[in-house]
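In what comes next, subunit A is part of two complexes: it sits with subunit B in the first one and with subunit C in the second one.
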Partner chain A sequence: MATVTLRGIRKSFKETDVLRGVDLQVGDGEFVSLVGPSGCGKSTLLRIIAGLEGQSAGSVEIAGAAVDGLRAADRNLSMVFQSYALYPHLTVAENIAVPLRMRRLSTAQRLPLVGRFMPGTTARLREIEDRVQDAAGTLEIDRLLDRKPGQLSGGQRQRVALGRALVRSPAAFLLDEPLSNLDAKLRVHTRTEIAELHRRLDATFIYVTHDQVEAMTMSDRIAVMMGGEILQCDTPARIYEDPVDLRVAEFIGSPKINVLPAESDSAGRVSVMGRALPLQLEPGRRALSLGLRPEALTLTRRDPIFSGRVAHSENLGHEIYVQVTLDGGGHRVVLRADPALRAGLGLGAEAGLRFDPARAMLFDAEGRRLRGVVATAPAVREAWA
Partner chain B sequence: MTATDTLPIAPPQRRRAVDADRRQAGAGWLMSAPALALMLTILIAPVLLAVVLSFTDYALGNPGFNWVGLENYERIFTRPTYAKMLGATFTYVLTVVPLSVGLGLGAALLIQSLSRGAGVYKAIYFLPVMATLLAMTIVWQLMLHPSIGVVNRGLEWVCAQPALEGLFSLSFLGLAPESTWFGRVCSQGTPLWLGDRDYAIWVVCFIGIWQGFGFNMVLYLAGLTGVSRDLYAAAEMDGARSGWERFRLVTWPALGPTTVFVVTITCIRAFQAFDTVEALFSPGGGPGKSAYVMMFAIYEKGVTQNLVGLGAAITVLFLVFVMILTLIQRWFTERKVHYA
Partner chain C sequence: MTRFSPSLIIRHLILLIGAVVVLAPFLVMLSYSLKSPAEIERGTGGLFGAQEMMVDPKCALRSAPRRADVEAARDRFPGRDDGAILATLTEEANAACELRPVVFNYRSAFQDAPLMRYLLNGVIVTASIFLLQMVIALPAAYALSKLKFWGREAVFGLVLFCLLIPVHAIALPLYLGLARIGLTNTYAALVVPWIVSAFGIFLMRQFFMTVPDDLVDAARMDGMSEFAIVWRVMLPTAIPALMAFAIFSVVAHWNDYFWPRIVVTGDRSLFTPPLGLREFQAGADGNLYGPMMATATVIVVPLIAAFMLAQRRFIEGITLSGMK
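For the complex of A and B:
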């Protein structure tokens, strides 16, 4: 197990810059997710760490040593591919044994038929078999060892791919969207299993996904990537509650964060859609974006900040997501409500909304988070009366 | 309606259902009859006819024929001409198949590794496949002419350069000129190629390989596009450092289905070799019948000499070989080759 450090990684394909200076420090035994929309360069970054692709600039260090000149086979990393990449002609046991056979046996010992008679082969083969049994036991695939990948379900193949990765003890595990070919139910289940596997192995995991739920639920830290850069790298809680960039705030969280146009006047007072908010910024007129998570908005009858009409509602059983079209401007916001309030939330029903100013996030015109926001009035928490 | 009401009329209902089934089956047979008739008359009947004829002494134009039992087959397995026929055929098949499959695979792998210029190479290697073999054979015949052919002239020119002669005859290693092939060519005269029974079948084999491997290359190129890039990445991560290891672990197994197909097709084409032999050798079958391949024997006996019974017997033997090949292919596809 080891640390992985990236310094100023750049990658260009001809004219296009895919990665534009990525720095990342992954600690020993840490689970870090690289998350972002497709085309943000996260898979390319993983392949650069693996050594399957070369970077245009910057350096990769594993366990404190630069590995830039080393090819993938010599970096002591394991990788799980989105397509699983199992060898279709080999059985499950043989698939899992491949990394060990390649590393523990000499070329002569690997020869078919003759190899068995080379000195020391039998002992090595027995050792490999034991390791394969251990790995299969860990992943509960012992009964599948004689099957070919073609005879396995998607979930089973995924386990075999994991088994092949963990059969030797690599410096770090690289996982490239390993769950995206599974159905929704299996994905939730496997998510837990991978997180538990990480705790049990206490190994360094770098996990690439476009699914923010996977990143949120499994990782110690999340690196949100967009346009070839890491916008923010932090714990899931801080990424959600304290995003540094509007793009991060919009990418993480489901339903998406509500963004409303706002502005501040020369005195620094913030108003949204003509309505003054109890928020104070440094003086100066500017255009702003106000970000409100669906759970930050509450329904109210007395003195609402916004009012509008219910346009759509989604009942998930334990909660309802209500979409409200605001009066004056036609912006639509989503809020989370208690299912008990369902009766009063028919289509077209009037709804008054308010929010705790402390939970509002302000971003400047470039999407950067504005700090130094002062709530000028005491936050009033008010339930639906 | 209650159950008791329906009971009495149940048997006629069942009978009607049986009738309907039978009628439907009849209609089915009626509709497939034209296809079946065609299949019988143009595919099955000729084969059966060949089998029947192989037991007779029938000749085209004769009013009748006599049953001769296994006499035709006996001839094939006892006369030296047919021993030569089987020898030439298997020499051809066993040389052409492995070499043209191997060269096809090698060319495909090399072309696939190119980043540019792949199209040019593909076109060049595929050119002999597209050209008419008969015309190409005549060109080869001219090139291999003992006195005016470009091959022998080239050899003579090389022999006239002492440095090159020393290089190719390996005499710079201290070997006597007579002990290497090239040394003998220079001292004893250039080969007769098509007129020499030691060379004739190999020239036919060479033309077969030259003409056929481009086709195999195209099939392998198609097979290579189906190999997942991820598998190569996985092999690299798993520690397969050399190109040979990646080939063993990924490429070769993935090309299994292609290889079975390529080998079968090449075998059948090799068994069918005819036009090269027909065009290259005027008396037929090459010097001392050294290139007397099966298809040519069928043509010579059954058509030229009008020994239809004998020709049919060779044809049946030919069919047996092809059938065995097909069975081997089936066996391979069913258990050895993995179709992912």
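For the complex of A and C:
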């Protein structure tokens, strides 16, 4: 187990910059997710850490030692691939044993037939077999050991791929969208299992995914990547509640955060869609974006900030997502409502909305988070509450 | 139940005609290999020949009675003149040389020419060619499909270009080269010119393109060297494609008459099966079609048998549907 440190990693393919200076510090035993939309460079970054791809600039350190220029095989990392990448001609047991066979046995000992008679081979082989049994036991695939990958279901192949990764003790595990080929139910199940596996092994995990739910539920920290950069790297809670960039706020959270146009006047008072808010920024006139999570909006009959009509509602059983088209401007917002309120939320029903200004997030025109937001006069604040 | 619609019947008729055109020569070969020379010449005897007893002309010539034989036999036929004794002795000798045409043809095939030796040579040559072609083509195809290096596309273009070079165009330079280093009339002369197969490299490269990159990356993470990846990962996944290549390679070189005819000039112990056919070429006593066709049958049977046995895998390989 070890730390992984990235310093100023850049990668360009011909004219295109895929990564533009990525710094990341992954602690010993930490579970870090790289999350972002497809094409953001997260997989390339993982491949650079693995040594499967060379970086154009910057350095990778594993356990404090630079590994640049070291072959993938010599970096002591394990990787789980999206397609599982099991050897189709080998049984499950042989698949899991490959990393050990390649490392513990000499070239002569690996020879077919003759290898068995080399000194020390039998002991090594027995040791490898024990490790394979252990790994299979951990993942509950002991009964599949004699099968070929072609005879396994997607979930079983997934486990074999995990088994092949954890059969030896690498410095870190790299996982490249390992759940994206599983069906929804199995994905939720395996998510829990991988998180538990991480706790049990106490190993360093770097996990690439485009699914923010996976990142939120499993990680110690999430690095949100976009356009070849890490926009924010923090705990799931802080990424969700305190995003530093509008793109992060929009990417994380389902349903998506509501974004409404807002502006500040020369005194720094913030107003949204013509309504003054008890929010104060540095003085200066500028265009802003106001971000509101669906749960920050509440329905109200008395003195709403926005009013509109219900355009669509989705009943998930334990809660309802209500889409409301706002009067004046036609913006549509989503809010999370209690199913008990369903009766009053028919299509076209009038809905008044309000929110706690403290839960509103302000972003400037470039999408950067603006802070130093303070409530103005207490009296105004009270009137809102 | 399927009805026989006119279009279906026409389609089958066309296919049937095609099959007849392809199979007729084989049928003639098989039929001739069963018939006596007289039947072949007169075109009688149907498909299998009448299989009436015939006299082996060589045997008859060998055991024809000489002067001494007549002298020695005089006691057995008292009171007869020499002419009658000679006639009787000739008849006896001929009777001893009688045999069925099919036996005559196939026995001549194996006796007059060392056909077993030729078949063995065929196996040695085709097997060595195929193995060496694999040793060259697999790493080359791997590099051309999975490794990134400067000029890769240009190299692949050259491989494609090599596909266009006809064998006969370079036969003379090849022969001169081999003759200069003294390799004519050796197994090497039969094998070496074919071990770099542009077709093999091309076919395997196309197949390797369909192997997911993740598999190669997984092997690298597992600690395999690039050569280990070729032999331990790519080779086993490429078995169907290799099978397809094996058919093309083995059939082409087993049946090749042109190249062995050029580089094996004197040494009959190096003859490959097709060269064996020359043994029955027109001599003073005319063509011996029966034994010749028997030889031809013996030559093609191993290929047909191999194809029958592995038919499914071969077709799988040609359609390259083995991987998923």
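Throughout what follows, the second predicted complex is superposed on the first by the 376 of 385 C-alpha atoms of A that agree within 3 Å, B and C clash if a C-alpha of one lies under 4 Å from a C-alpha of the other, contacts with A are read in each partner's own complex, and residues count from 1 in each chain.
We take it that a contact is a pair of C-beta atoms (placed from the backbone, for glycine too) under 8 Å apart; a residue touches a chain by one contact, two chains touch by 3 or more.
Please read these numbers as outputs of a predicted model, since none were measured by experiment.
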{"item": "Fit or clash between subunit C and subunit B when superposed on subunit A", "value": "clash"}
{"item": "Subunit B versus subunit C as contact partner of A:335, first or second or both or neither", "value": "neither"}
{"item": "Partner chain(s) touched by A:78 [first = subunit B, second = subunit C, both, neither]", "value": "both"}
{"item": "Partner chain(s) touched by A:148 [first = subunit B, second = subunit C, both, neither]", "value": "first"}
{"item": "Touched partner set for A:26, first subunit B, second subunit C, both or neither", "value": "neither"}
{"item": "Contact residues of subunit A, present in both the subunit B and the subunit C interface", "value": "47, 50-52, 71-73, 77-79, 81-83, 85-90, 98-99, 102-103, 164"}
{"item": "Touching residues (chain side subunit B, partner subunit A) in the complex", "value": "228, 230-231, 233-241, 245, 249-250, 253-254, 256, 338-340"}
{"item": "Touching residues (chain side subunit A, partner subunit C) in the complex", "value": "47, 50-52, 71-73, 77-79, 81-90, 98-99, 102-103, 164"}
{"item": "Subunit B-touching residues of subunit A, taken from the complex the two chains share", "value": "47, 50-52, 71-74, 77-79, 81-83, 85-90, 98-99, 102-103, 148-150, 164"}
{"item": "Residue numbers on subunit C that touch subunit A, as the complex places them", "value": "212, 214-215, 217-225, 228, 233, 236-237, 239, 323"}
